[in-house]
Amino acid sequence: MEDEVIKKFLYVNRKAPYGTIYALESLEVVLIGAAFDQDVSLAFIDDGVYQLKKDQKTSVDSGIGMKDFSKTYLALGDYDVNKIYVDKASLDERGLTADDLMELVYEDEDDDYKEKSSISIVNQDELALLMEQQDVVLSF
Amino acid sequence: MKFGILVNEGPYQHQASDSAYQFTKAALEKGHEIFRVFFYHDGVYNASRLLVPPQDDRHIANRWSALSKEYKLDLVVCIAAAQRRGMLDENEAKRQGKDAHNIAEGFHISGLGQLIEAGIQSERLVVFGD
Amino acid sequence: MLHTVNKSPFQTNSLETCLRFARASHSVLLFEDGIYGALKGTRLESLITDSLKSYSIYVLVPDVEARGMRIGDVIDGVKPVDYAGFVDLAAENTVQAWL
Amino acid sequence: MLHTVNKSPFQTNSLETCLRFARASHSVLLFEDGIYGALKGTRLESLITDSLKSYSIYVLVPDVEARGMRIGDVIDGVKPVDYAGFVDLAAENTVQAWL
Amino acid sequence: MEDEVIKKFLYVNRKAPYGTIYALESLEVVLIGAAFDQDVSLAFIDDGVYQLKKDQKTSVDSGIGMKDFSKTYLALGDYDVNKIYVDKASLDERGLTADDLMELVYEDEDDDYKEKSSISIVNQDELALLMEQQDVVLSF
Amino acid sequence: MKFGILVNEGPYQHQASDSAYQFTKAALEKGHEIFRVFFYHDGVYNASRLLVPPQDDRHIANRWSALSKEYKLDLVVCIAAAQRRGMLDENEAKRQGKDAHNIAEGFHISGLGQLIEAGIQSERLVVFGD
């Protein structure tokens, strides 16, 4: 029985990509975790919202000499990771809107496989409520 | 109660590993169970057998090893994070064609799934990082 | 829910963001360099005294003393705990670390 | 004197402190996560536009582009440089890193 | 000739002790550097001022399980490291005054070995001027 | 012009070593001299011979080694910081009674005096850290 427990996992991302590895290695946990059939949500707060910025451009041989790993976020929908919450206040103070973010989508199998957005831009009360409902919060 | 512990930073540079150790020790002394301590990011460096701290300082890897021995603690080092940072056990060293390995007694290398499992099986997961 | 903050509020925005998401019935634990937020007389004191009206704030005493401060330097109403007390708080609540 | 800042001004106080000590004739280089301070439309934009009246501010383009921004997103007056330009700035000035 | 160059070295300390190792390892550089007969100054800014807080109390076997290394600052005077500048604004916003800091002193050999304080509490213009005069700035 | 470079953070976790590498390479390509690259704090981990990064990622230690070979770069790892963190060369391993060592080709271990000397002998010292 114990192995069939479904827990609510929240991944909280608050750091910018490239300056530190947390964004990349957090994503690696999410991808591995997707195999465990848990109830997974991702939150992007503070500089974490920059992880979802579109048009990232670097490679091992050019730019800053690090690979662009942002394409991996686009695959999250295929892994059934489609509850992605972005803190509106964090976007606002950085002058960003939904249009600046990558389009992360998934196919809703309960709705004739329609393509839907995985991203919800939420206010802090909604996000605080989401946090309260979690069993496990992994912070990066 | 059953705790899982996640350590995200290496020894000495940040206090994370020290705080995680003090927390883990206090939890065990209170009779709680520690399902697993998982070392991720630079946390993998805590598992080095080659640390030579000054004589009057704590030995962070040995301290974890000793606690592991006393309480049969499960100390797991993330393989992906460890490879990237040059932390290898004997098997990994062989597999990667490396001429040395550096994992201390009591630690073992495994996949990120062990972290997820710690989240599922523990009643609480506590994260120590930067 | 237990929120933990281990960074100085003068250096990073972790405490500020934590307090933005803390709610009534939650607890906040300040430890490591986070203890600087719990001290009397700083520019940020009112951030804590205001928050104390809504929820409980704890500070880890070994981290306070290591840094040359004593319980008397801690804002009234902030509750002192040791590592065993930290464990108790974590046992009672889901833990969210604001790294 | 060249001041370098590699941290996001939203996360740490490095840029703020750097600007407190930068003086006319100095230069400031924003790189790594520090480039977020050089962008248009943020809450901190005026910090930079005000500073531009007193001294030169540079931003490292590879770090800007890696993070999904382009030169057009950078505040007018902030000068783009590549790594070779960073070297030139360091050759011309004593360097102080605000870590 | 080149070996006899005397350069101005400034060590800039902006981080709190114990939470990270920078304070301790910065001090180790200063002590080794003292053997080189350069013109050495130390600046304590932002959370760096906490490094000089008196009454630090921990040991490997108690407290946070790390040794109290603050006594080492008291030895700086014996190493002829006696130009220690503390940013007043940083003290102020933390509610600290000179009385909260360790008494760091040196014997002035040009003034009958009188004991003098190594610490100067300075404003930001004084500190900015000091920075401008340096040849090498080591930041921690 | 003669530069000295100080690297305060380890590979991958922080961008410091990447930025230092790009700066150093750009300086050399412009014809400047690099008196020394000094690895301090967690920066000592950049010198590991055991790194196994993912195939599509950069190999930070090898990149430094290659640059060192091409330009005869002096790559110095602080001995005190390295001991504390489990980075040992063959001599140090012997001296400390350790059964393995992990320093990559092109790096060598020495004292903090080498950092001060870099400050004295270089016309500019540039620091990369966290």
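Letters A, B, C, D, E and F mark the chains as written, and numbering starts fresh at 1 in each.
What we mean here is this: a residue touches a chain if its C-beta (ideal position, glycine included) is under 8 Å from a C-beta of that chain, and two chains touch if they have at least 3 such contacts.
Model, not experiment: these values are computed from the prediction.
Common neighbours of chain A and chain D, by the contact definition above: C, F. Of all chains, the one whose Cα centroid sits at the greatest distance from that of chain F is C.
Farthest from chain B, judged by the mean position of CA atoms in each chain, is D.
Contact counts per chain pair peak at B-F.
Distance from the chain C centre to the chain D centre is 33 Å, each centre being the mean of its Cα atoms. With each centre defined as the average position of its C-alpha atoms, the distance from chain A to chain E rounds to 43 Å.
Each chain gets a centre from the mean of its Cα atoms; for chain B and chain D, those two points are 38 Å apart. In chain A, the positions touching at least two other chains are 18-21, 46, 64, 66, 135-137, 139-140. For chain C, the set of residues touching two or more other chains reads 6, 10-11, 13, 32-33, 62, 94-95, 97, 99. Residues of chain F in contact with two or more other chains: 8, 12-13, 15, 19, 22, 41, 57, 80, 125, 127, 129.
Annotation, chain-chain contacts: A-B, A-C, A-D, A-F, B-C, B-E, B-F, C-D, C-E, D-E, D-F, E-F (touch as defined at the top).
Residue ranges on chain C touching chain B, taken from their complex, read 4, 6, 31-33, 62, 82-84, 86-88, 90-91, 94-95, 97, 99.
Chain C contributes residues 1, 13-14, 17, 20-23, 94-99 to its touches with chain A in the complex. Residue ranges of chain A in contact with chain B, taken from their complex: 2, 5, 7, 9, 21-22, 25, 28-29, 32-33, 35-36, 38, 135-140. Taken in their complex, chain F has these residues touching chain B: 10-13, 41-42, 45, 48-54, 57, 61, 80, 83-88, 92-93, 96, 98, 100-102. Taken together, the chain F residues at the contact with chain A in this complex read 12-15, 18-19, 21-22, 56-58.
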